[in-house]
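What follows is chain A paired twice: with chain B in the first complex and chain C in the second.
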Partner chain A sequence: MRAAPTQEDIRRQNLGALLRHVHVLGPTSRARLTAGMGLNRSTIGALTTELAAAGLIVEEAPRDTSGGGRGRPSLVVRAQSQRVYVYAFTIGVDRLVAARVGLGGVILDRRELQRPGSGFSPKEVAEALGGFVAQMRLSAPHDGVCVGAGVAVCAMVRGSDGTIPEGPTQDWRNEPLGERLSAAIGMVVMVGNDADLGVVAEHTRGAAVGCDDVIYLHGDVCIGGGILSAGRPVAGGDGYAGEVGHMVVNPDGRPCRCGARGCWEAEIGEFALTRGTAKHTIGGLADAAARGDHDAEEGMRRVGDWLGLGVANLVNILNPQMVVFGGTLREVYLATAAQVRSRLNRTSLSVTREHLKLRTAALGDDAPLYGAAELAFARLLDNPLESGLAPAAG
Partner chain B sequence: MALSPTPAPPPASNPVLELRGVNKSFGAVHVLRDVDLSVYEGQVTALVGDNGAGKSTLVKCIGGIHTADSGEYFFDGAPVTVHSPRDASDLGVEIVYQDLALCDNLDIVQNMFLGRERRRGWVLDEDSMEQIAEETLAGLSVRTVSSIRQRVSSLSGGQRQTVAIAKAVLWNSKVVVLDEPTAALGVSQTAQVLELVRRLADNGLAVVLISHNMNDVFAVADRIAVLYLGRTAAQVNAGEITHSQIVELITSGQTEAFGPGAGRNGVNR
Partner chain C sequence: MRAAPTQEDIRRQNLGALLRHVHVLGPTSRARLTAGMGLNRSTIGALTTELAAAGLIVEEAPRDTSGGGRGRPSLVVRAQSQRVYVYAFTIGVDRLVAARVGLGGVILDRRELQRPGSGFSPKEVAEALGGFVAQMRLSAPHDGVCVGAGVAVCAMVRGSDGTIPEGPTQDWRNEPLGERLSAAIGMVVMVGNDADLGVVAEHTRGAAVGCDDVIYLHGDVCIGGGILSAGRPVAGGDGYAGEVGHMVVNPDGRPCRCGARGCWEAEIGEFALTRGTAKHTIGGLADAAARGDHDAEEGMRRVGDWLGLGVANLVNILNPQMVVFGGTLREVYLATAAQVRSRLNRTSLSVTREHLKLRTAALGDDAPLYGAAELAFARLLDNPLESGLAPAAG
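Here is the complex of A and B:
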């Protein structure tokens, strides 16, 4: 049997909860923290004092005191976004992004490298991201503290150790990405799948705030799915759950990279969409369709129909409250919503879609990047005072 | 402990704005015949119909430019009379017309406060207007405008639409009516405006979207109201109807799925 939590455990948990509150909701008054966390005022006072002494937050008088309310205005607690930060990365098929993200989810610095058509080997990824970190380190404040690093990768990720069994390109085979990146930038890098992290980001500070049953669909060359059920990520035994791109929607359809036929991503991924047309991006195709190009129109209609069919299957199985379209699927959904909705309304069960909302990613293409930052912040938020933080200078 | 910030309010069961049996004639032309329309907070209600179905007239009745000949206008459940645009904006109803009514030679802040400028004593309170304009745009997550002091003449079509919408939202409005906000916009700007429309409703406003583009309607609408020859042919949830059924309703006033004779009261779900 587990021992009852000690006073020390409770204190640590409260510190983490308070810091998470400020991290997620932004500057918050002590009064609101008291109400929101169900702790009494003196406890909140003690916790904020400790966190402020560790240099994680600052307290300041509220700027706007004209808003009414009686008595002395409550101090506002704000995360030290400039000083406490993580490195977050995304590895797409042909795009690398690196960012320095401050506590509170503020992107402070951001670098990007695109290589349309070819993609990157693991070695090139490590070199490029290592280079970006070296550059960004120079612009970080002298008293700044880096508390972690995380990467969102467009590939399946083994949950136990962050190994990538295959993809994004051919030279990725059983790639120990976490180890390689950790060596390249000199600190532990947590690894997650881009859609799995995208759903976390949208749930924390995007379209799905307050919504605990969510499917986030991330479109790129491949289609990934991140699933939250009752607020918890659906990971599967080995961490590979959510490969919705390989849901077979059309058994006689196009061949997929994975060897099967008619996988969802073979019907709605960017390659499938632009194949056989002069357009190379979904934006270009949608634009041509809007201008009346018959082939483009037909292509978009077909893709919308397949998109709706796949969503209908997912909705019947998982009964989400919200489906969020991210990456290239954002544009696809907005340009083909009539087909998507019609197919969904014909195919899914009326009870499973009754409270369903369809939304686009509020964080745009950066949803996985924000998710990678959340992954990197997790250790700090679990245990704010013991994650190797140097105390604030002065 | 629950960490979720204040969740979006559940859709209210009572409409914030409701029209019942509205009639409007211009001379011998009977434009609106017993039109019903319900608009709910937190929802986008799309208003669709063929050219001449009465959409614009209905919107002008909502906005107080026309006064209905007969029929009832309820706001927050209480009967009200709206005889002028001022009456409508006092209730919290703002309308963004297709021409946007922005002044090209003024900057974004000046446009947003046009005719309702804030004063401090004898002079305009530029600081507070600037701050409010900035907060409004930030609240709508608008990142496409680089400076709020740039002239409207330098903005793209999508940015102008954004400014016009922000102007409507500025006045603590409860209902915002958007007339064809994506007409004449390119694909990526249309996407941005649609996301903005959705965000308005997700922030708690009641939004009425008039559009000819079925993709736009299905992309953001929670409910769809169809006008056919001046009558309400149907008011349905977007989760219960298909593209082809909507087209049928627009062109013939009825659809097999909901049985024939979907006339005056139409399908009302």
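Here is the complex of A and C:
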């Protein structure tokens, strides 16, 4: 029951909408912005002038002017991707990634650290990411402007303050990750769960573009879910929505690390979720099954069946248009797609799955990284001229 | 990336916001509207004048003027509940309800038809509800204005057009319920699922007021769920979200009428869900358990355990602030609350349940009816002056 926005709100919304447009869709002519945003030409001109003066976009003559010939060709509006950027990070169980991502979603620089089988303490994470940022800062352009930082973490994240109650490894307990990383890199770092950010990324520039009801499933040592409903993230009261790996699908089943029995992630089985030894990866299992190994075939059948059962439950509960498999689940799904679809068709209601698409993450393992960049860009896109952005150098 | 609203959009939004305010919260002083909506006094005055001229509200001196004495007391704005109304209906498996509901959510008139054990064909539903409307129309005030009609049905509803693919009884197949009822009562009837409308009602004026992340579970012959995320309904791509009764919780369990095995509603057991004979109702079971009947005790334990398991899954997936038990699940929950909570605590993650409240529907069996009224009022509240409302008679 909030009242309608003021004139100032409207100007800010329009600036944000235009900048988001070129950020998401890439270079766009003024004519297409006019049509796409439902504003008149002079308003679009005023908005682009303001954004250009702030150094956020450039306007240039279109490269290809052969088409029409009648009248002046419409200027093309392009994000200042080299100049305006964020830092984006992912914290996996045994892998850290840091990137400098330009406006428009362009990865400009990228560093990675792997430590298979052991993982990182919060202190090690902060040191490593802080070091990466120092390196990347040196190679950034002199007139560059950093407008934010975001991190995707393979753990539950309290929505109110970015605290991590548990995991990824045992020395994480009520970890104030946002505070720690902010101190390490000298600017505010927004924190999100990897699956929650993965779904945002796949919706913005991946497999789910144009799909507003989406579930993104991310496999690592655990299974996390990111849920979009009508294009908006489903966060839950405290930000913990999407713990789909702890949906019980088999009450007398395998013990789960959470203390319950028969959780989805426990039933799919550790070999399908971890980057283990060759023998135990899903790829190794698929190879063995292709060679006629009976146990491997049975293992594949079992993994696909459980994967399909959990997906069927989520489809009945949420009626998504698309389920996207990311992280290690990408490979699991590719190896068991027929089994997954078969179980899904037996177990979900025909109407809830009628228009369902199953896809792998188009952004691959980088979906959460792109999502962390979106999180970092959010403040700029909400309010392009008041986000602490320094004026353009020239 | 839509552009910001125009001046005309803003006026409409403000009129709608003010009318929604008094519709939901009841009579409200201009001073409180000014504070609550963040608009200035003269804008509020202009809006109330327009709404009063349209016959939607009245303004009157406050009854209690003893308090202050300094200055003129602020006028109180009240919805024209007797004059402006909708028709709201519910279609249960064996019960039809029709009501005339005034602006502000006041049930002004109400009719009911029960047919235990057999149910109604679509044709019988249309005839019965058409007859009820004809009766209620006769007792409505002469200057009354009907601004909409809505129905809550115990079946899946396709979001795009209100078609019912299946159920409540076997002679329903791809039933164009909205069209049929619209023809029967001579005005457009909006169609919603009973649980989807139940959660809206409990959020607007029931147990979940102030809670924006809510799951409402409605028991009838089946279990349906209505989900709110950040105050907005989670509908799914085709409007079928919330089929929580067909979440598989026991893959080798009981056969379900949907064709799968071990669905939640199949495991909780028919006796807990249907209004059966006394012996098989949950009330009868609870009485027998209280008398020390061992089988009844075991039955109660089992029902509560399965109910708790399904709730735990939903809590892990959606992290709601509240789960509301409605329809027959109200009684089931009351009889098994300790068992439900015990299973929930063993099976859900501590963080996802930390702030969770479990409640019964404050609107009782009428939650879907109130929700159907909200559905019917939506057009008026979105655009108070252009919803085909006849001008006030005097």
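Convention: the second predicted complex is superposed on the first by the 371 of 394 C-alpha atoms of A that agree within 3 Å, B and C clash if a C-alpha of one lies under 4 Å from a C-alpha of the other, contacts with A are read in each partner's own complex, and residues count from 1 in each chain.
Everything that follows uses one rule, which is that contacts are C-beta pairs under 8 Å (C-beta built on N, C-alpha and C of every residue); 3 or more make two chains touch, one makes a residue touch a chain.
Since the model is a prediction, treat every value here as computed from it, not as a measurement.
Once chain A of one complex is fitted onto chain A of the other, the partner contacts of A:209 are limited to chain B, with no touch recorded for chain C. Contacts of A:93 after superposition on the shared chain: neither chain B nor chain C is touched. More chain A residues lie in contact with C than with the other chain of the pair chain B and chain C.
Of the two partner chains placed by superposition, only chain B is touched by A:340; chain C is not.
When the two structures are aligned on the shared chain, A:201 is found in touch with neither chain B nor chain C.
Contacts of A:38 after superposition on the shared chain: both chain B and chain C are touched. When the two structures are aligned on the shared chain, A:351 is found in touch with chain C, with no touch to chain B.
By the document's definition of touching, of the two partners only chain C reaches A:242; chain B does not. Residue contacts after overlaying the shared chain place A:9 against chain C, while chain B stays out of touching range.
Of the two partner chains placed by the overlay, chain B and chain C both lie in contact with A:17. Chain A residues 17, 20-21, 24, 37-38, 211-212, 346, 354, 356 lie at the interface with chain B in one structure and with chain C in the other. Residues of chain B touching chain A in their complex: 1, 3-8, 141, 186-188, 190-191, 194-195, 198-199, 202, 214-220, 238-244. On the chain C side of its complex with chain A, the touching residues are 1-5, 9-11, 13-14, 17, 20-21, 24, 36-39, 156, 158, 165-166, 211-213, 225, 229-230, 232, 234-244, 246-251, 258-260, 309, 312-314, 316-321, 346-349, 351-352, 354-356. Across the complex, chain A meets chain B through its residues 17, 20-21, 24-25, 37-38, 207, 209-212, 283, 286-287, 290, 330-331, 333-342, 345-346, 350, 353-354, 356, 358-360, 362.
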